[in-house]
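What follows is a pair of complexes built around subunit A, which joins subunit B in one and subunit C in the other.
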Partner chain A sequence: MSSRQRVQQWATFARQWHIFDCKWQNPYESAIAIVKHLKGLHKPIYHPMNDCGDHVICINTKEIALPGNEWTKRAYFHHTGYPGGASWTLAWELHSKDPVMIMKKAIYRRLGNNLQRRYTMQRLHLFPDDNVPKELIENVTSQIRQLRVVPQRIDHIEKDVIDNYPKIMDYPTDYLPKTLK
Partner chain B sequence: MNHSQFLVSGFLRAPIYNGIGRQINQLQRVTLKFCKSHGSSQGMRNFIENNLVDFAKQNDSVVLYVKPRRHRSPVIVAEYLNGDRKWMSCHNRPSEEILKWLSLLSLQAGDTEPIRYRKHWHTDVPSIQGPWNPFTHKNPGHIIAEYPHEGLGRVFKAPQSATEKLLKIAKKRNESENKKE
Partner chain C sequence: MNNLIKTIFQRSFALNFPFIRSITSTPANRIKQIELHQENDTLTVKGKIVDSGRESLLLPEVTECKNKGVRFCPECSLNLHLKHTDVLILSQYIRKDGCMLPRRVTGLCKRQQRKIGTLVTMAHKAGLLHGYKPSWCTKLPNQRYKHKKFNTYFFENTIKLPKAHYKQNEPCK
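After this line comes the complex of A and B, so read on.
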């Protein structure tokens, strides 16, 4: 094997690093896209016996968006193993305790019951905000696209954009808008 | 029962040197083991007495060893250039049959036991571009981009929002009004 072939072999089986911004994303929906990269399913060299999974960094897990009334209705079950040790934690409670946990559990569940699951999870790096250690972020060469459009909050829009927004009509000068109580 | 579990696994291969330059006999070494007194070696003893010298003269590239051992059944062990070792019992075989088996072994290129193919494809013309790697067909700008990247992480082909539609209509109307003036 020539040195060129050897390097080509390294390149083919090199682990790539991806980054995913969880801001305003549904964790259960985005887990599908993340798991695909963690397992290496997006590669043409994929084979179940071929260890070709990639690393994924998930940032802004604090700002995930659960659909519908899931913040109050979804419960996470845990049992300590002792009698009476069962506990049900609501999603909003869990998220306030650990802002990474919901995303982590969504991906862990999506991986399926498999002997490789624990080792695949080791390649996942979750961060509640966008403060990622430099030694991790410098490896990143690709970004996984978000699945949902991030809505813009009205108080984050600049004032002149709001002032110049097209209007159908101007309010009369003596118009008094309803004040909120 | 899954028969493939008991098959030796391997890759499809051929002695590529034969057919390009001179013919190289792939059989390198043959060991004939037999007993001098036991009846099961009668055929082997006859073969050694009558045919062995002729066989050795015809196949001068093959090294022949004759190994007498007491009260054990006769055996042929053929060793090939590719490292294969073929063991064959000749218990109660007549000398004519041993000659036939030996001439068969001398024509073969290795152990011809069936193998389970590890890969079901093979190419004589490997790709000129080289094997795939994570950066084939990738935009080189994406590799050196700063991550997390605003544009690369955004939803791909997001549907037009109502706000965008409204702004587009307003812009069009403004332009047409400006033209009239």
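After this line comes the complex of A and C, so read on.
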């Protein structure tokens, strides 16, 4: 075995560390991409009995995005086990209590019900912002591509870019702005 | 009965205050800068039409439509399908306080006016048009009330529009 093949062997069976930026990402869409890496489904050596999953660090989970009115319509169910112990928490309420929980639940649900789920979840590291401990961030070797384009706020765009952007509307000659009245 | 009172009132109003129309040689509402020139004893007052500052940056298709006297819409004329994240285009159709401009100013067809109005609302709800809002509103998008402080995105295909009543090759109305 040449030295190149030996390194390839190490790289194949070593656990990789991926990073995923959750900014403006739908947790349920991004769970599909994250779970693929957590389980090791992207590797040619994948087998359900083969423990080849990778670590994933999710940052900025505080800034996930949900479509339309889902913040008020999506409810998370919990039952204490006692009579009358059922509770429904809305997504925005859960997210303001714990900014990590929605992302965690989305990935947990996506992993499917099997014996490996709890151990696979141990390889997931979630952070509400971009402050990741140094001992974790120094392992990272690859990045998972974001699924949605992060939209840009107009006050974050420079003024001369806005001014010099091509215009498709011009005011009519008899237009009177409010300030001039 | 109401109509009767109305007509009587109108008649009496017309008799007491005859309607006086001011005579102007140019449209009265144009944006004009009033310039005063004093030469000896004569004072000349000029109304100079102010440029909007957009003429040089206008797309050639827009000026073409303007010269032809045809309506210009981004979707009907350019086949440009806008999204609510295209804030650089949407901000051209709104006032400084974030309101959508009326159709007589934007010059869009009815469907496009409705659609772009909804896109502007979506962009506001997503917090993307942060600078364009009433002066008394000082909150950042992430400081808003309850669920409104969290990031939200929208699908453009959820905008409900009336059916186009014109054929595909006809110009829009």
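The definition used in the following text is that the second predicted complex is superposed on the first by the 157 of 181 C-alpha atoms of A that agree within 3 Å, B and C clash if a C-alpha of one lies under 4 Å from a C-alpha of the other, contacts with A are read in each partner's own complex, and residues count from 1 in each chain.
Rule of thumb we're sticking to: a residue touches a chain if its C-beta (ideal position, glycine included) is under 8 Å from a C-beta of that chain, and two chains touch if they have at least 3 such contacts.
Just so we're clear, the structure is a prediction, and the values are computed from it rather than from any experiment.
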| item | value |
| --- | --- |
| Touched partner set for A:8, first subunit B, second subunit C, both or neither | first |
| Touched partner set for A:95, first subunit B, second subunit C, both or neither | second |
| First (subunit B), second (subunit C), both or neither touched by A:137 | first |
| Contacts of A:86 with subunit B and subunit C, given as first, second, both or neither | neither |
| Subunit B or subunit C, by number of subunit A residues touched | C |
| Touching partner for A:43 - first (subunit B), second (subunit C), both, neither | first |
| First, second, both or neither for A:75, with subunit B first and subunit C second | neither |
| Partner chain in contact with A:147 - subunit B first, subunit C second, else both or neither | first |
| Touching partner for A:32 - first (subunit B), second (subunit C), both, neither | neither |
| Partner chain(s) touched by A:171 [first = subunit B, second = subunit C, both, neither] | second |
| Subunit B and subunit C contact sites that coincide on subunit A, given as residue numbers | 148-149, 166 |
| In the complex, subunit B residues that touch subunit A | 130-135, 138, 142-143, 147-149, 152-156, 158, 161, 166-167, 169-170, 174 |
| Complex contacts: residues of subunit A adjacent to subunit C | 24, 26, 63-68, 70-72, 90-92, 95, 148-149, 151-155, 157, 161-162, 164-178, 180 |
| Footprint of subunit B on subunit A - complex, ascending | 8-9, 11-12, 14, 16, 19-21, 43-45, 59, 130, 137, 140-149, 166 |
| Residues of subunit C touching subunit A in the complex | 27, 29-31, 49, 52, 54-55, 57-59, 62, 66, 72, 74, 78, 85, 87-89, 91-93, 95-96, 104-107, 126-132, 141, 146-147, 150-155, 158 |
